[in-house]
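Heads up, there are several structures right after this.
Two complexes, one shared chain (subunit A), two partners (subunit B, subunit C).
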Partner chain A sequence: MTTKFLDKVKVPADRYEMRLSGSGGQGMIFGSVVLSKAIGIGGDAKNVVQSQTYGPEARGGASKADVVVSANEIYYPKAMKLDFLLAMTQEALDTYYGQLKPDGILLVDTGLVTEFPTKNYYGMELTRMARNDVGHIMVANVIALGAIAAITGLVSKERLTEVVLEHAPRGTEDKNRKAVDLGYAEALKFKK
Partner chain B sequence: MTTKFLDKVKVPADRYEMRLSGSGGQGMIFGSVVLSKAIGIGGDAKNVVQSQTYGPEARGGASKADVVVSANEIYYPKAMKLDFLLAMTQEALDTYYGQLKPDGILLVDTGLVTEFPTKNYYGMELTRMARNDVGHIMVANVIALGAIAAITGLVSKERLTEVVLEHAPRGTEDKNRKAVDLGYAEALKFKK
Partner chain C sequence: MAKVLMKGNEAIAEAALRAGANNYFCYPITPQTEVAEYMAKRMPEVGGVFLQGESEVAVGNMIFGAAATGKRVFTTSSSPGISLMQESISYMAGAQLPCVIVNIMRGGPGLGGILPAQSDYFQAVKGGGHGDYRLLVLAPSTVQEAVDLMILSFDLADKYRNPVMMIGDGMIGQMMEAVEFPDKDADPKPPDESWAATGAKDRKPRIIKSLFLDPVKLEENSWLLHEKYERMKKEEVRFELYKVKPENEFMIVSYGTMARICQTAIDELEEEGVSIGLFRPISLFPFPSTQILEEATKENVKALLTVEMSTAQMMEDVVMAVVGNRPVEFYGRCGGIVPTPEEVKEKILEMQKTYSK
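So, the complex of A and B:
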């Protein structure tokens, strides 16, 4: 596993492209909407476009949702060369790894992915953590968001938590807060 | 109110641009995600890109989510000149009406909007119908989806219902099914 860790991703004036990918039902769209809102309405004057594609143009069975961040207006909202890729399944990794830049950051659910095209990745057992440590498999995506906040520094843990709770179904607040905390803390360990 | 009614929107080879707008909490993103998936994975070989923008680039306090449909690959996923606009609030209408094409279709929640820049619109009391006829104010967006299916013909009521139910919280299936039916039936009345 990589030891490379960016203290804080510098949001480029041009663009920073992220993709959250997995299978349908893993909440990649929910995660991307929340992440985009947290980054974009966080007060740092970042523009964010969040998008997903359906139909024959969308490749394969993997589900993906894209987030493009820029300090400037975003004229072209599609992600092309990824600066960050979350892969929650083997199929998602195999489908989208080719679009990751050579120095791009890869975060993988190592409980579900077994074959790696690179040694340069951050591995966390996101789904196992959701089930065993939080008690609800559906928050694996929120654990990933916590990790993304820690790894990229694009949004604070507090701001992310706020937006997660705004959008989470009533009654799931505690589990979601715990999921953000867990993902954030676990990812910080990569720094040591 | 307009008497113009397109029997079935011809999906152009180039693009058909739709915007769902309202205030935060009215479920415009949820509605757009569901609509996009229903249109894009409906079997008619349509490509659909769904997107939202956050940050200083996003104008005003109105919440919007865009859907671009095309028979071809969509190179530019941002909506620029709208073919269809749903406005759930006065602010949303005032903010986005200027982007509607002269022959574009406007659907308005006439329970919440009181001032109209045009006589050419479809008016439905979406929020009132959700509260009084379905018993849950949160399905106003789903009633709108049913109406959009009827007005544009871009997706069948059955396919739309299927995707709504896939994404609706457990236990809300009946209300959501009823919401689609209601919006669809109500919009069909414009045809008479």
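So, the complex of A and C:
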């Protein structure tokens, strides 16, 4: 299991590169847009650039989106060396792990991923939690967003919830709110 | 107004509406389709015209027709689609019609690919269609700048009665950044309709055309256009300098997304003690030749580097600008591959070895 603890996580102010990866339908692009908006718009907003694959890669099953965050102006708009990687499938982990910095943070859906290139990761059974604890598999990505907020501290749980609800289809508000809460609370358990 | 997070394509679409452009004709093509998607939703809300043509050839001619009425009109497309519009663009330049055309460039030639490129530089600034004409060409490097330049484009199109083209690579269209729109919607002064086809009630008909069978008349029209382009060269040159200092030994010339990639490379080179700055043309026609020459010939500058997502197109304008006063080198990738800051850095370090001998 994980050897990294939350209290050791440092988020640099100059440039923080995150990638949300999985397969089509897992809501990685939606997640990246919500995350970018939560971090990049509002009172204590930082600069963000969101980009996603639209090329041949996006035509297959894999899906990824990058979010670059900085207190300063962001020039190069894409991720170079990842500070944070969310991998929702084995394929995504295998494909992108090589781009994670040695001290970068890895969050994995341990219900879907079985082989790990490292012992340094945060593992949560995101999809199982979505199905069993929240009641809909669709919110696995939102649980991940809650966890990202807790782990990185880049955005408050309140602000994240606000943006998730702005984007959530009508009638799914309760499930989405619960998903953020759950992801946030579970990730806080990674504290020593 | 508060900032909003938007994809470049959507921001371009919204900016056009803010500029009062309520006429939009298009044909979908990656990587600019979100403009059409956004417009399909927004145009009915503002009571404007959204029409998807049967091809880009049709769209070009629809633009001609709408522009002839004096109303603000625009289209967006990507490289192969822009090629199909060239005939009507030439006709509009000849007939002196204002309109805005956005090219979110993808790799070519031919059908090419769908990933970001800057390989339509020549097409945009050197013609593309036939005849003695120019487009006023602007190139944003951020989503915010795309918004600002889009609004400016309509003013410039009206000012010169000439098509204005904004070119961005696929990255500009596809990435999301926080943007701010002007507080108030643009309140364009009612366009000068002394020339427009507004319905010839109680007046003589006005003929809007690019056909002049009398060579004297055609020459007259060509010189009249030429005068406008000369006026653009005086009044519409736009550029930005980044870390350009008297002690610099090298200067990069780069535009659009490529320029911001160079900015990251320059920041990293600075930490390694390399003294280098960036000249970023914002207007590609008129090209900031005089200003590039001025910066290039500063005492300490040893050489220039042009960086493009093409196989050296803008480089020709840079070479012409420095008229042999300094060596101009090139680095580029194409086919949809976006260079990393690391690649630019390596090229500069290599140049440093060559020119420091």
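Just so it is clear, the second predicted complex is superposed on the first by the 174 of 192 C-alpha atoms of A that agree within 3 Å, B and C clash if a C-alpha of one lies under 4 Å from a C-alpha of the other, contacts with A are read in each partner's own complex, and residues count from 1 in each chain.
Keep in mind that, in the parts below, a residue touches a chain if its C-beta (ideal position, glycine included) is under 8 Å from a C-beta of that chain, and two chains touch if they have at least 3 such contacts.
Since the structure is predicted, the reported quantities are computational estimates derived from the model, not experimental observations.
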### Query
Just subunit B (first), just subunit C (second), both, or neither: which does A:29 touch?
first
### Summary
Larger residue footprint on subunit A, choosing between subunit B and subunit C, goes to B
### Task
Quick one: classify A:152 as touching subunit B (first), subunit C (second), both or neither.
neither
### Query
Can A:49 be said to touch subunit B (first), subunit C (second), both, or neither?
both
### Message
By the touch definition at the top of the document, which applies to A:78: first (subunit B), second (subunit C), both, or neither?
### Response
both
### Message
Just to be sure I read the superposition right, which of the two partners does A:37 touch: subunit B = first, subunit C = second, or both, or neither?
### Response
both
### Query
Should A:169 be classified as contacting the first partner (subunit B), the second (subunit C), both, or neither?
first
### Residues of subunit A contacting subunit B in one complex and subunit C in the other
33, 36-37, 40-41, 45, 47-52, 54-55, 75-78
#### Entry: Residues of subunit B that touch subunit A when the two form their complex
29, 33, 36-37, 39-41, 45-58, 73-74, 76-78, 169
### Query
For subunit A, which residues count as touching subunit C in their complex?
33, 36-37, 40-41, 45, 47-52, 54-55, 75-78, 80
### Task
Can you check the complex and tell me which residues of subunit C touch subunit A?
2-5, 30-31, 113-115, 170-171, 174-178, 257, 260-261, 263-264, 267, 336, 338, 340-342
